[in-house]
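Each chain carries a letter (A, B, C and D) given by its place in the written order, and its residues are counted from 1.
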Amino acid sequence: MISPGLAIPLALWVPLLGCLAIWLLDKSPNLREAATLITGAILFALTVTIFIAVSTGQRPGFQALEVIDGLPIAFQAEPLGALFAVIASGLWLVNSVYSIGYMRAGNEKHQTRFYMSFAVAISAAIGVAYAANLFTLFIFYEVLTLSTFPLVTHKGDEKARRGGRIYLGVLMATSIGLFLPAIVWTYVITGSTDFVEGGLLAQHVEAAGPIVGILLGLYAFGIGKAALMPAHPWLPNAMVAPTPVSAFLHAVAVVKAGVFAILKIVVYIFGIDLLKDTGASIPFMWIAAGSILLASAIAMNQDNLKARLAYSTVSQLSYITLGAMLATSMGVMGGAMQIAAHALGKMTLFMCAGAIYVAHHKTLISEMRGLGRVMPFTFGAFFLGAMSIVGLPPMAGSWPKFFLMLGAADAGQLAIIAVLIVSSIVNVVYLLSIPVQAFYMNPAEEGAKPQGAGGAFIDWGALKEAPILCIAPPMFTAAGVIALFFFIDPLYRFLLPLIGGG
Amino acid sequence: MEHAILRVTTKIFFAPIILYALYVQFHGDYGPGGGFQAGIIFAVAFILHAFCFGLEETKKALPQRALIVAMVVGLLFYAGTGVATMLLGGNLLAYDVIVPGSAHNAGQHYGILLVEWGVGVTVASTMLTIFYHFTGREPDIDQEDW
Amino acid sequence: MSDFTAHISPIVLLDVSLLTMLIIVAFAMLRSRHLFAVVMLSGIFSLLSAAFFVSLDAVDVAFTEAAVGAGISTVLMLGGMLLTARREKPAAKGRAPVALAVVLATGAALIYATTDMPAFGDPNSPANSYVGQLYVEKTPNDIAVPNIVTAVLASYRGFDTLGEVMVIFTAGIAVILLLGAGSGRGGRKVADRAVSGQEGSGHDSSDHETSDKGGK
Amino acid sequence: MNLAEQLPVLPVIIPLVAAPITLLLPQGRAPHLWATLISWLTFAVSIALVAMVSDAGVISYHLGDWAPPLGIEYRIDMANALVLALVSGIGAVVFAFAYRSVEREVDPRQSTFFYCAMLICLTGLMGVTITGDAFNIFVFLEISSLSTYALIAMGAKSDRRALTAAFNYLVMGTIGATFFVIGIGLLYQATGTLNLADLHDRLAGQSNRMVEAGFAFIVVGIGLKLAMFPLHLWLPNAYTYAPSAVSAFIAATATKVAVYVLIRFFYSVFGFDFAFVGHAFTYVLLPLGLAGMFIASLVALFQDDVKRMLAYSSVAQIGYMLLGLSFATVEGLTASLVHILNHALMKGALFMAVACVVFRTGSHSIQAFAGLAKRMPVTTWAFILSGLSLIGVPLTVGFISKWYLLTAAFAAGHGYAAFLIVASSLIAMVYIGRVAEMMLLREPPSEGPYAAAKEAPMSMLIPMWVLVAANIYFGVRTDLTGDLAVRAAEALMLVAGGAP
């Protein structure tokens, strides 16, 4: 077994080597895809190694180099980062399988560039996960933005260019315009950007007062990847990308890197206690709550499936921001769990959307009526994923909601509980309605098939499913959603150090 | 014979002007003057020549290529003196090392003489170069003629 | 050292009249559109300044001004003029107020500075009492040439002079680059008046620079 | 000759002697090889000088063996040692790069004189930087300016507007030089000395109108040379129409040297004892720096000529440097010095990338960049990486600059300035992004004048990538730039008598 200390640099380099291998194997697609999968498997093993080490209380890390005094590029694994890395690398593996199916079925161009960008992006995501200070996190955050740009503009047409411009524009503008000054300001106040247990700023008394609120605002909106309204427009616009990109990057790696950073900054830079004492996070808590409701409302009006999922993501990401801004340990716990639960659930939904597109070239929800009867596996997986997002047991998604409500109660914010309940109801309407319509309603254009119940409900003879490589991954993650519900206790205990327990 | 008086006058004055230039050049240590002024006066003699006999005639006496070489040589005379003092163990342009241990500052005298000569040569040739280019657009020279 | 007061002497009258003429010539140059007249007036301007320098006891500077400013500059400007037109185009209107403001501000700053200047010839002024005085005292020993200006020019500050020679050399190179063979215009007497006019005046400025140097 | 003793004068005297010799060489490759060799040699001795200063502290070299203030002194501390290394380093890279580009853009009969003028320009810039004498600064400033005017005019073979551009620059530059020399004259009148260190000593405690006016004239004069907003009007055209290699060289060096001179006068000659220095910082440099950053960036946004866009960007970047030095803190001065170095690296690389495009397409219009990622991938990526550096993306030198500048802004209590700085980099992102999108996402034209573009020759690519690599290397390792700049800033601050 590789030592955890060595595993971190390896986890950063392996995807880059994979990227090189993919480039060299440009001419033989099968070997190229094999390279992707092997890289994914190795990476997953490495992150699991680190995860196990962290669960035993170790904090492996290393310092690469010091760019400016007090500004090193350094890495250290802690529970939140280890969890994020495992989720990202594990789902990358799943997504790679899915990508192969999707890209080949669609005969997409520039597949080599596609896989290379993916490899760089995952390396950046791992860097974000293990970053030991804000500076390192910022570097990989930017690399993640830039490396995913070719993925978003993959199609290369005017629509993709426009989407790419907004994607890059919003993410870079917020990160350079707000996030970077916030980091510099933190550095000027504290002389460091390290993640410190209990909070870096909490150690500096002079940091109290309105500065905390301003800084928190800079971070909250500066980390555009967290898609806190109004910094969200990049996310719907990124949907011009091929579905595997949306599935992985815009349900897992990119957006989770954002909310992960917010959680990490709240816990390790401000410290929960500092925020609680100063009350600086209350306004942002309400902004997050508003973001949840508003994005849900917008999602309801989207007929394009991917757009609806995108706004749903905006809404769900704000749960995590909300958890962080509650400034209670249960809120942070809920946010951290939401990272895992939402990643599995939303990725399932996106992959299903891709499978539908591959098999039937349909993107509008209104066109999908009755489609469940010819794609029962896809819509079955979609149903499970949607249940999780809504927060119904026995799905993993129910736990974060539970902890968030606990956190809100701790903080004495009962209105937030109401927000969470309303949001869940809206989720039911706009997510669960899709599989229900698919199974129970007649196709709009044909209307030939009678709407029956029971035996002849699914015409097994006329199934028209997507290729197996497009179906298996969402079913796998859907199963994961159920499994995570039952394994929540180990996760809870793994995350306890985050809130000062364990 | 056109402008006979002018031509004769020019011929008469040409040599004294050059002589005066040399006087100004070498008398700079004792009175007003030096390389800058001498160079100008030297150039003026040739400009006068060009006015009366035409630029082509002057160019026969003092071709453009020779002027460029003179520009280089003049500048190098000055800079070279500096480099020489460095090679002799002093700092750049530390003339004392030219004649070490001299009681009457002979090194300084030689040094000043050398650099002033460099100034004079450069100024004269540069002024004439500028004059040549202003007055007579020289014909395109072919690649081989260089 | 006792306080120094400049006393009125007949030379002052000469200075005043020379300066008055300088101003008149300068305005005449500004008003005239006839380039030939302007060139000639600039020669006169240089000659007057040379005379003024003599009255300030700066003989070396006067000599240089006479040779460079009144002499070769006039010739070169005539040459430049021949490449363009005989008459200046009427000046374009519009930017004049800005230019006027800049000129007035510059003038005001200069006049402002003069109010604190030491009197002309004051032996106690910093310029005369410090390094200047040192040059006078040390030259006989260090260099032993009678002309202190030459001593400063060629030895004490010989490196500046090397730089100035380089400036002149550069001016030569610049002219060759602009007008020489292969400059895209060499040999052909092209009638591109606007452009050659700019070039002509461009070289005027560099000539002025060289004359500045020579006069140091 | 004792080489170690004579080392301080070598960075100037080597190109100075070599420049005229160029004219004696035969036409063809020889002048270029000679100039390149000399530039490398100059770079080598400059590096040796940096090492020497790093060990021995301030070096004073007496030209002609005359002790200052009688003679001229070369006074090399960390600040100008760094700028010397920068100028000669850029020279070494650009000279090596120039051959093919110049061969195409300049008549072969002129190339000998062209390289001679390039060496003269290098000499002038080095001479300005190294010297400790005010009048010597003026003389070498004139050497560099005069050669630059001619070099810019050489663009006339491709575009006749180069002549107007050179003429405008000549007028503005001459006014600047005149102002500068008037300022020096006034200071001489007030002190009787021309030596910078001596000036500082003898100015101490003096407060009269000569000094005030002298200060004003020097600031405006140098402000013209460094294209301080709004005195920048000469710069965009000059950079746009100059031959590509010349643009790359002067964009990376000339204005930087002028900024250095400004720092030298502010900190080493006047110092903070003078109230007007503080006023100039607060009421002139700070607002003008900010205004330049914004207005020039916004103008750059609307340029369809990539060279002109980069030129306006330079004006904006000069705003950063002025902003940094106007904070009057060690951090601010460090930021300014670091940005002098870093901006040279990125602008040099960017202009070289454009030179490659010009070499293959004959145009620097943004249309010529369409689809170049497919035709000229190596050039494209050089442009994009240096562009990212200009924006200030981490792991590039641009980020280091921005980091120092932002910390300085926060530490000096100018938090608002920090946000203006990042806002201006965002504008940079948009205009670089425009070109990048053109290169990456457009289809290359299949017909027309730009269709035949292919990758630039190796002789251009290698030097360009050396600079691009420097952009990355110094973005990760700052012990050569940042640490030395901190030392330089601390030393300057000590002389200036700054409290912090």
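As a working rule, a contact is a pair of C-beta atoms (placed from the backbone, for glycine too) under 8 Å apart; a residue touches a chain by one contact, two chains touch by 3 or more.
All values derive from a computational prediction rather than experimental measurement.
Two chain pairs, C-D and B-D, are compared here, and C-D has more C-beta pairs in contact (counted per touch definition above).
In this view the innermost chain, defined by its CA centroid being closest to the centroid of all protein CA atoms, is D. Relative to the C-alpha centre of chain A, the farthest chain centre belongs to B. Note: centroid distance chain C to chain D, computed from Cα atoms, is 29 Å. Averaging Cα coordinates per chain places chain A and chain B 79 Å apart. Chain geometry summary: the mean Cα position of chain B and that of chain D are 35 Å apart.
Centroids of chain B and chain C (each the mean of its C-alpha atoms) stand 21 Å apart. Shared interface positions of chain D, i.e. residues touching 2 or more other chains, are given as 16, 20, 63-64, 108-109. Counting only residues that touch two or more partner chains, chain B has 68, 71, 75, 79, 82, 92-93, 95, 141. Which chains touch which is summed up as A-D, B-C, B-D, C-D.
Taken in their complex, chain C has these residues touching chain D: 106, 109-110, 112-113, 115-118, 125-132, 134-135, 138, 155-160, 162-164, 166-167, 169-171, 173-174, 176-178, 180-184, 195, 198-199, 201-202, 205-206, 209, 212-213. The touching residues of chain D, counted against chain A in their complex, run 388, 391-395, 400, 402-404, 406-407, 410-411, 415, 418-419, 422-423, 425-426, 429-430, 433, 437, 441, 475-478, 482. Within the complex formed with chain B, the chain C residues making contact are 59-60, 62-64, 67-68, 71-72, 75-76, 79-80, 82-83, 142-147, 149-151, 153-155, 158-159, 161-162, 165-166, 168-169, 171-172, 175-176, 179-182, 185-189, 200, 203, 207, 213-214. In the complex of the two chains, the chain D residues touching chain C come out as 16, 19-20, 63-64, 66, 69-72, 107-110, 113-114, 116-117, 120, 123, 127, 133, 135-136, 139-140, 142-143, 146-147, 149-151, 153-154, 156-157, 160, 163-164, 166-167, 170-171, 174, 177, 179, 181-182, 186, 188-194, 202, 208-210, 212-214, 216-217. Taken in their complex, chain B has these residues touching chain D: 68-69, 71-72, 75-76, 79-80, 82-83, 86-96, 141, 143, 146.
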